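Next, two complexes with chain A in common: one pairs it with chain B, the other with chain C.
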Partner chain A sequence: MIKVQFYSLIRILLKQEKLELSACENENVGQLLQRLQRQIATPFLHKLLDKKGEPILGTIIMVNRRNIHHLEKLETPVADSDVVALFPPGAGG
Partner chain B sequence: MSRFSLKGWSGKLLRVDLTAGTCTDEVLNEQWAKEYLGGRGLGTKYFTEEVAADVDPFSAENKLILAAGPLTGTYGAANGRYMVITKSPLTGTIASSNSGGYFPCELRYAGYDMVIFEGKAEYPSYLQIHNDKAQLVGAVHLWGKSTKETEDQILAEFHGDAKIACIGQAGENLVSFAAIINDKHRAAGRTGIGAVMGSKNLKAIAVRGTGGVKIADPVAYREAALDSYALLKANPVSGEGLPALGTPVLVNVINQMGALPTNNFQKDTFDGAEAISGEALASTYLKRNKGCMGCVIGCGRVTGLAGSRFDGDGEGPEYETLFSLGSACGVDDLAAITKANYICNEYGMDTITIGTTIACAMELAEKGLVTEEEIGMPLSFGDADAMVKLVEMAGKREGFGEKLAMGSYRMAESFGAPELSMSVKKLEFPAYDGRGIQGIGLNYATSNRGACHVRGYMISPEVLGLPEKLDPQATEDKAVWTKIFQDFTATVDSSGVCLFTTFAIGAPQFANFLTAATGAEFTEATIMEIGERIYNMERVFNLKAGVDPSQDTLPKRLLEEPISDGPLKGEVAKLGEMLPEYYQERGWSTEGIPTDERLQTLGLV
Partner chain C sequence: MPSTERYNRQILHWGKERQQQVEAATVLIAGVGGLGATASQLLVRAGIGKLYLVDDGLVNWPDLNRQLLYNETDIGQTKLEVAKQRLQQINNNVKIELLQKHIDHSFQAPTDVSIIADCLDNYSSRFDLETGLAAGSFLIHGGIEGDQGQVLTLQKGKSQGLTEIFTGTRQPQGNIPVTGAGATIIAGFMANELFNTIFGQPQLLNRFLIVGLGDLHLTFLDV
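So, the complex of A and B:
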């Protein structure tokens, strides 16, 4: 199973903290997100991705606690037992 | 008096001689205003011209300057900020601490850009300003009162619409990290400026102003404001993320990446992170968000503890407090952290320093370097009740609170273990570990007031990816980025605008705002040059004060002890790879001394 964790506005929007879904062979983060959106009735992907399907500036997506920006971005592979964390843009001080 | 011809600035400062009990208006130095703007820059310019660098922070010779910027009290972004400048009793460096709310704007509406306090009042006093009338009045009846009680009493006896900045018991007791609280919940928090105020027997500043801010070109200003407003609203951070979750949203982000300092930086992931996160706060004690005056973002958290084992309501906690009183102490009790935050606001204390000082005491206890008898109670990481109790004891300087009131460095030193203080130049770290995020480590080491994240918020590019994503573990180019962030921040801090706007607007917008408001010409280049001038001025003061470049460093733990857990396990701060390049970028000598040539270019000699 792949565990997807929702944070910040996405958690508020979806009213859930996480979701588990089975792994698909040769899937990457981008594909996983699209599959997730098909499963969840409430639209949430627009909080993470722009109209071209690229991460909005400030979006943080982590696979096993590593930012995909420094891996293979949306093409980062995901497999069974991976943990994917989704953070829409936010900031602190 | 000579004339002040520019708009934007009020063009007037109030000089308060606390020893003599006099208040005198002065025309603002126009040349300095153009070169240093206001707030941090202009306040520090006046301070360094008037006060010797070796001054004892608690002596009558030290001065305390409250300085708004030329944009404070205007509209368009988040223009409700001011700075307090003095010499810090905690760090021995220049202290300049930022806060926002309504008080800074009211000062401007009364016609002042700045108030300079000098000398020392014979007995507790406070300053009343009602437009152009200013007077010192007795505050014996306010001494010993919390910031909330003080504000309520002044509202009742002076003016119901006054805006107030004051100290609580911590400032009176010279707690070395006492804050000045304005509008009840907003803190000019760091470096102990509240203790300097207390040392002067000055309890509060109450202002009622009914004027406005004169704008040189209202049409151009309106355009600049609309442009910034649109950018701030369209930006997902300032338009949506900050209003909804505030700064606490970072608890989970930083914990996930493995850079959330835990148990006094012995770990970098916290099992209790979810329990103290922004998401947890939003679903428990958060009532609504709130903004400083005219702010289009509104990152403030209005909270209440009904339904928990504590009582009270107020504002906070922010992300920094969730770290300092939370993960740094191993505390995962959100109600306890919120309660301790309220106590800090009421006593007037910096939540970062008190939390990290308690964390340091917890490690001293863990290592057997301080006994239960000395502390007056058992103390270990994770003990939420002890944490809350110690916060109050520090404010009162009661029992072990006497030690805590020294700040972590002096406290740890007194137990023979200064290396357990997680600080730079005696100012404690904020909520990001410089081992996992290299650029913020460089910023901590070189910040002019010690380990401060808002001197150069490298978290923005290194973690949040704004304006672009940098690799947090890389050291390449971090010197250049750190310098740019530090310089730009110095300008923002001198304008009266909140640093949080810079997630969406940059130097071009600031140039437009300032040009339209003041009638003087500002460009993107001058915005950066002003920041660099201010940064170098602060550096020169610190050098004269004896804070030499050997202090541009990090604690041994960060330099030599690798992160022990999480995804960044094994990382140390690679300061040595960045510092020489940083000095070079700044045009300083290889020893970190600003060269005459550089200072000349910046108009500092």
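So, the complex of A and C:
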């Protein structure tokens, strides 16, 4: 299973903290998030991606504790037992 | 006033040895705004040995809802000067050094400080702050926006960097929504973690504490 964890405003939008999905062969994190949205039937990808499907600046997407910007972005492969986190941090101080 | 009497409530909690650690500690507060004004006050009230304050701002009316060191008579004055005056009124035993500057790529932390609080309000300065720290330094990051906030401790050279973790985050356009209660709660968590770090037991090392102020939800995210 792949665990997807929701934080902050994403958690509030989806009304849940995490979800587990079975792993699919040769899937990347972008495809995983599309599949997740279809499964939960609550639109949330507009908070993460622009119309071209590129990440919108604002939410950190992590795979196994690493920001996907330092991996292969949305092409980052995900597999069984991986942990994906979606976290829009607070910017002020 | 002997410190055993002045600090007796907290000594009852954490003991004399830890009180001595607090009184021997030096901490740098970067940004003396919503988070920094409260975090610095809590450190000073606890009897911290030495505090560096870094900021380049003036007190403005919109600061007064949450920046607890300032009041109406301070409008237009240098935040650092006002902060030092108020903090010394609270506890004159604390050494307070002011660094009146904007944190940019030229920033270098003083060599006698290894515990730093990121109370800044923009990512660019946060990244420059981290760059200017010596290896091994502990950076306690705090952030707040609306009713969501977070605290995280990193050790430079051993943890992922702030820059690495926050790549892809955007600085919001315009003013960031924040309330006095929200900033004070996050600053309280930061101060608590600063004390934990002084005691050699940071609880949020490589671990975000993410605070939902609206529904009072606390959760963790390991990084």
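A few notes on this one:
Keep this in mind: the second predicted complex is superposed on the first by the 89 of 93 C-alpha atoms of A that agree within 3 Å, B and C clash if a C-alpha of one lies under 4 Å from a C-alpha of the other, contacts with A are read in each partner's own complex, and residues count from 1 in each chain.
Here, a contact is a pair of C-beta atoms (placed from the backbone, for glycine too) under 8 Å apart; a residue touches a chain by one contact, two chains touch by 3 or more.
Note that the structure is predicted; figures quoted are calculated from it, not measured.
When both complexes are superposed on chain A, chain B and chain C end up clashing with one another.
When the shared chain is aligned, chain B and chain C each come close enough to touch A:Ala85. Between chain B and chain C, the overlap after aligning on chain A sits in one stretch of 74-82, 128-136 or 596-604, namely 74-82.
Taken together, the two complexes place residues 7-9, 11-12, 17, 56-60, 62, 65-67, 69-70, 85, 87-93 of chain A in contact with chain B and also with chain C. Across the complex, chain A meets chain B through its residues 7-9, 11-12, 17, 47, 56-60, 62, 64-67, 69-70, 85, 87-93. Within the complex formed with chain A, the residues of chain B that make contact are 235-237, 240-242, 244-250, 252-253, 256-258, 278-279, 282, 318-320, 431, 453-454, 457, 459-460, 463-467, 469, 471, 499-500, 503, 566-567. In the complex of the two chains, the chain A residues touching chain C come out as 5, 7-9, 11-12, 17, 55-62, 65-67, 69-70, 85, 87-93. For chain C in complex with chain A, the residues that touch the partner chain are 31, 33-36, 118-123, 142-146, 148-150, 160, 164-172, 176-178, 186, 208, 210, 212, 214-215, 217, 219, 221-223.
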